[in-house]
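The structure's right below; bear with me while I get my questions together.
Naming follows writing order (A, B, C, D, E, F, G and H), and every chain is counted from residue 1.
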Amino acid sequence: MKELDTPMVIAGRSFGSRLIVGTGKYRTNDEMVRAIDASGAEMVTVAVRRVDLDRTREEGILYHLDPKRFFLLPNTAGCYNAEDAIRYARLGRAAGVSDWVKLEVIGDERTLLPDVVATLEAAKILVADGFKVLAYTNEDVITALRLEDAGCAAVMPLASPIGSGLGLVNPYFIREIKSRLNCPVIVDAGVGTASDACLTMEQGVDGILMNTALAEAQDPVRMSTAMRLGVQAGRLAYLAGRMPRREVAVPSSPVSGMLA
Amino acid sequence: MTVIVNGEERSIPPGTSVTGLLVSLDLHPRLIVVEHNREILDRSVFDATEVRAGDTIELVHFVGGG
Amino acid sequence: MKELDTPMVIAGRSFGSRLIVGTGKYRTNDEMVRAIDASGAEMVTVAVRRVDLDRTREEGILYHLDPKRFFLLPNTAGCYNAEDAIRYARLGRAAGVSDWVKLEVIGDERTLLPDVVATLEAAKILVADGFKVLAYTNEDVITALRLEDAGCAAVMPLASPIGSGLGLVNPYFIREIKSRLNCPVIVDAGVGTASDACLTMEQGVDGILMNTALAEAQDPVRMSTAMRLGVQAGRLAYLAGRMPRREVAVPSSPVSGMLA
Amino acid sequence: MTVIVNGEERSIPPGTSVTGLLVSLDLHPRLIVVEHNREILDRSVFDATEVRAGDTIELVHFVGGG
Amino acid sequence: MKELDTPMVIAGRSFGSRLIVGTGKYRTNDEMVRAIDASGAEMVTVAVRRVDLDRTREEGILYHLDPKRFFLLPNTAGCYNAEDAIRYARLGRAAGVSDWVKLEVIGDERTLLPDVVATLEAAKILVADGFKVLAYTNEDVITALRLEDAGCAAVMPLASPIGSGLGLVNPYFIREIKSRLNCPVIVDAGVGTASDACLTMEQGVDGILMNTALAEAQDPVRMSTAMRLGVQAGRLAYLAGRMPRREVAVPSSPVSGMLA
Amino acid sequence: MKELDTPMVIAGRSFGSRLIVGTGKYRTNDEMVRAIDASGAEMVTVAVRRVDLDRTREEGILYHLDPKRFFLLPNTAGCYNAEDAIRYARLGRAAGVSDWVKLEVIGDERTLLPDVVATLEAAKILVADGFKVLAYTNEDVITALRLEDAGCAAVMPLASPIGSGLGLVNPYFIREIKSRLNCPVIVDAGVGTASDACLTMEQGVDGILMNTALAEAQDPVRMSTAMRLGVQAGRLAYLAGRMPRREVAVPSSPVSGMLA
Amino acid sequence: MTVIVNGEERSIPPGTSVTGLLVSLDLHPRLIVVEHNREILDRSVFDATEVRAGDTIELVHFVGGG
Amino acid sequence: MTVIVNGEERSIPPGTSVTGLLVSLDLHPRLIVVEHNREILDRSVFDATEVRAGDTIELVHFVGGG
């Protein structure tokens, strides 16, 4: 890949993989670790939650993922207003791994779509507070432009709702966002299988973040490998420039030189 | 005396420090972020910070998430 | 890949790559060779044509492709009836590289769709004559079943017309063909970009044959790499078993453990 | 004498063998398939096979195709 | 409609409606009659079956449909070879309603796809025997051209398998068939809802035949009305010539004359 | 239709047609009038612009449309902030035809997508000022819910960008908006042909507003008729309840009663 | 005597005509098509055509179908 | 004296009313909405409202739009 593509650069940091993966919903921690290895991801997202004092719930993720090997991206998942999101972002930063945050301010429990107004408000405050903000948003290019203006390090429009696996529903708007923004555009949420990831990268975006498609696959390790390859395939196909579509056929073999 | 830790009342001996609290809960300070009465504490002050009756403590860490 | 997938086996012969590529329409022979290298293909198709006695046309492909390194699959492209196809198949075999043939009997010049009746007739004769027949056909499962009954080594339904780049138009019928046949199913023609290849492999077919998508890409080497990865990605995603599609969102991070 | 090679009339000296024809055309036998009056010739008989007046010869090889 | 569209003419006979409907699978005969009324269809298909001597099965359709009001088109549904199809066609003709037949020779029980070879063979014999043959076929333009050459009065390619409701899967091939044939092209089978019918007519075909989409709708009378309107809408949209698609927006209101 | 569907009710006013049409971009005023007649629309949108004192530009629309016959809906097209939109809304109301307004606050000139923040702000002020506000918005359900909370009489999400003719790109989000709001949902912008209108109505929305698809059709009168029928077809198909989709075929004729 | 009607054996009195058979089965000739030993009968010959022992009769009509 | 009408300077006789302005421009009051110095005027006051030097007048109406 190295000679065929450039690294993904966010906030001045280079990543050899354009695939960012989540760490939620795996059947076991061991399966999670093997799947993340197979994905080739260098950046992984984590959530900030209370320690379970009764030890009934899973222990912390740091028991399983080496922060020296993976760049951890704390998220604000589960926050429904700017204040909470800012609180979670700061708690995540206090863990001392980095000052990056995947900003999510959810506006609706059923669709988990972002509250774009609150996201914009939180983004401004977090950027002013020194955070590198990667902001989850919808496919609205106007909101995307404002998040960039607010100083976000990357804008992360959805392909379809979180955990839906519906794939890239609106390629037009994703292409529009990519063509209008200067900062990296990472498609976040909705990818269900490798062809979704490949098609999404073919729109020219910088990367993809996914979680459910890997964790809920029947075989997460195989699917993580598929996603690694699918993201690379889509990226290279975008850079290669595809053949034109035609409704009339064109032979692949010479029409001359036929025998009498 | 009583404090609220992660939403639950707990009684701990007076004069307990944050470090003491963590130890009593068998938690490794390096992996935990502590919010004390809504303020995030730097690890360097865990020892020096005393938990007082009625304090609200949140002990958080990273868990799997997307 | 080796530990995650099995080889593609046709007529008892194993191929490490599920991508078969053509050798037509490249801008230069050098570009063709580099693209084929990048594709990772082990089997490449060639056409049988008159030698150009005036040397105005390209020299033979064997000056550029080492038949020890690549398994050459002669085709009968350009033939519009069974008799011609059989003649070209025999000429191709006489070259001494193998007794395999990619059987194409075209029925219409505008769409280059197969004449399924003549294809079936030619397939029977060639199989009786000892050929390993890989038969290009349309998406009709009934024709596909008859080609298998006729002893074809592989059945090759189209994704869309040759050289069209329209991608996989009818996934239902391709899945149906795969589910009903025991012999290998190789999708031949119509793939335009990496996501097409990936989506096609996700239907469970054994492999893909393509030419125009590589030769006509702005950068054939990048696109060939993309196709190699896309085919692997689609294959592994198929084997992995994708997550279910849902119209309602599902969070990736825990909903419990939120702060008060 | 005159023969038809790949659809074109060519005059060659009587007694020319298939090998001779190929050599005269500067073609390498190893890479060429010869159809002689609609019959495919095995390479082993190129030397022994004489081309006669009016014969139809097709000289084919592999070219790029999909 | 009259002033905006021409009638559908098949074998010299004019039909005011481009929608042809089947009479199978309705919950009750009364619902069937009301649905057919609502559909506006002038031609309806019927099947030829044994009289039920024990009267446990439904009585003949002629008790419910007036052959003076509806043009009955007997089909050969359920036939798996040319001989049976010819036998059923002749039995249908012997009923004395007409010498038209909807020719179906099924090649596969699971998909109910046509056996194109047997269909072609039966078509030739029936045409020679004086039948007006409307032939059910797949989306293969080559087969369609041969059915026309065989003297079929109309060629009826499928949108998707009978009773599937998958809609128009391959618009390219349906457009190709329409553009290449001179005889009427009626899309038969697969339409599931009104937008499928509308989209199908927008491809320029002459008409649509459907049954399951009406009989299995929760409210067949409403759906029949929807299909009548949808077929007309698609036809007129085709004749009207749609606006171009664009990926950039264009205002509908003047950009000049704004206030200072 | 009357017995099969209910009227579209907005702000207590009933409309017999679920199709609302614009009056812009027609080649001639005469063509506009005939197209609107053919569409069956009862509500038509108009723009507010300066009188052309040099008479070089078109005269007012009221010279061509009888406000007693058509319910005129003034829009705020061309406004890029809340203040301008409010000013135009009030000027429109001052014309004395009604206190309704189609609120548009555009956020981006290239896509003509709405500025949802400014739209929400303007909506609140206009509702407080006694307007019946029909608000153009994107497919974001959260914004749609807030517009309803703000007291909008109807919410008008786009199918695709204004004047694009790309049709219904995101049916999921449109269905979600309809399922979550109590006020009427009118899809505004993007419909290109009759099947787009039909498919859009099949999602269950209350109505559609369009302009370019009619004005830019090669034959606006035929297309307006097609749209009238397509909207009705989609509405009835939605009410009728479509058959299930299946990947396996089901015969329409009895399988019993075959001859021996 | 015995005949096969629509696949089932039925015994009918000797000398029964096709019309007689239909009447005995309470079927209206106008709506029925009769295949007699694989040959389609014209309605005009229903009266004159006698059913013989061992004959195979198919009585068909139109039913709902698509 | 000079006023701004629809963005253009126009000189009109002192004492001209809004109605007078419309008439001078050959516009039918019934179809025009008048904004006078950013304030929308009710038709009932067109006669009584005098246009003063430097006033800004916007004369708008409905045009085709979607």
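The rule is simple: a contact is a pair of C-beta atoms (placed from the backbone, for glycine too) under 8 Å apart; a residue touches a chain by one contact, two chains touch by 3 or more.
Since the model is a prediction, treat every value here as computed from it, not as a measurement.
Chains making contact with subunit B as well as with subunit C: A. The chains that touch both subunit F and subunit H are E. Here the chain-to-chain distance from subunit C to subunit H, counted in touching steps, is 2. Inter-chain centre distance (subunit G to subunit H, centres taken as mean C-alpha positions): 93 Å. Computed centre separation for the pair subunit A/subunit C is 32 angstrom, with centres defined by C-alpha atoms. Per-chain CA centroids place subunit D at a distance of 74 Å from subunit F. Annotation for subunit E: residues 22, 24-25, 47, 49-50, 57, 75, 77, 91, 110-111, 113, 161-162, 166, 172, 176, 211-212, 215, 247, 252-254, 257, 259 touch two or more other chains. Multi-chain contact residues of subunit B (touching two or more other chains) are listed as 7, 35, 58, 60, 63-66. Contact residues of subunit C toward subunit E in the complex are 107-108, 110-111, 113-117, 138-143, 145, 160-161, 166, 169-170, 172-173, 176, 180. Contact residues of subunit C toward subunit A in the complex are 4, 22, 24-25, 47, 49-50, 52, 57, 75, 77-78, 87-88, 91, 110-113, 161-166, 192-195, 197-199, 202, 211-213, 215-223, 225-230, 232-237, 239-259.
By the touch criterion given at the top, residues 5-8, 25, 27, 31-33, 35, 40, 42-43, 58-66 of subunit G touch subunit E in their complex. Subunit E contributes residues 21-26, 29, 32, 45-51, 53, 57-58, 60-63, 72, 74-75, 77, 90-92, 94-96, 162, 209-212, 215 to its touches with subunit G in the complex. Residue ranges of subunit B in contact with subunit C, taken from their complex: 7, 35, 56, 58, 60, 63-66.
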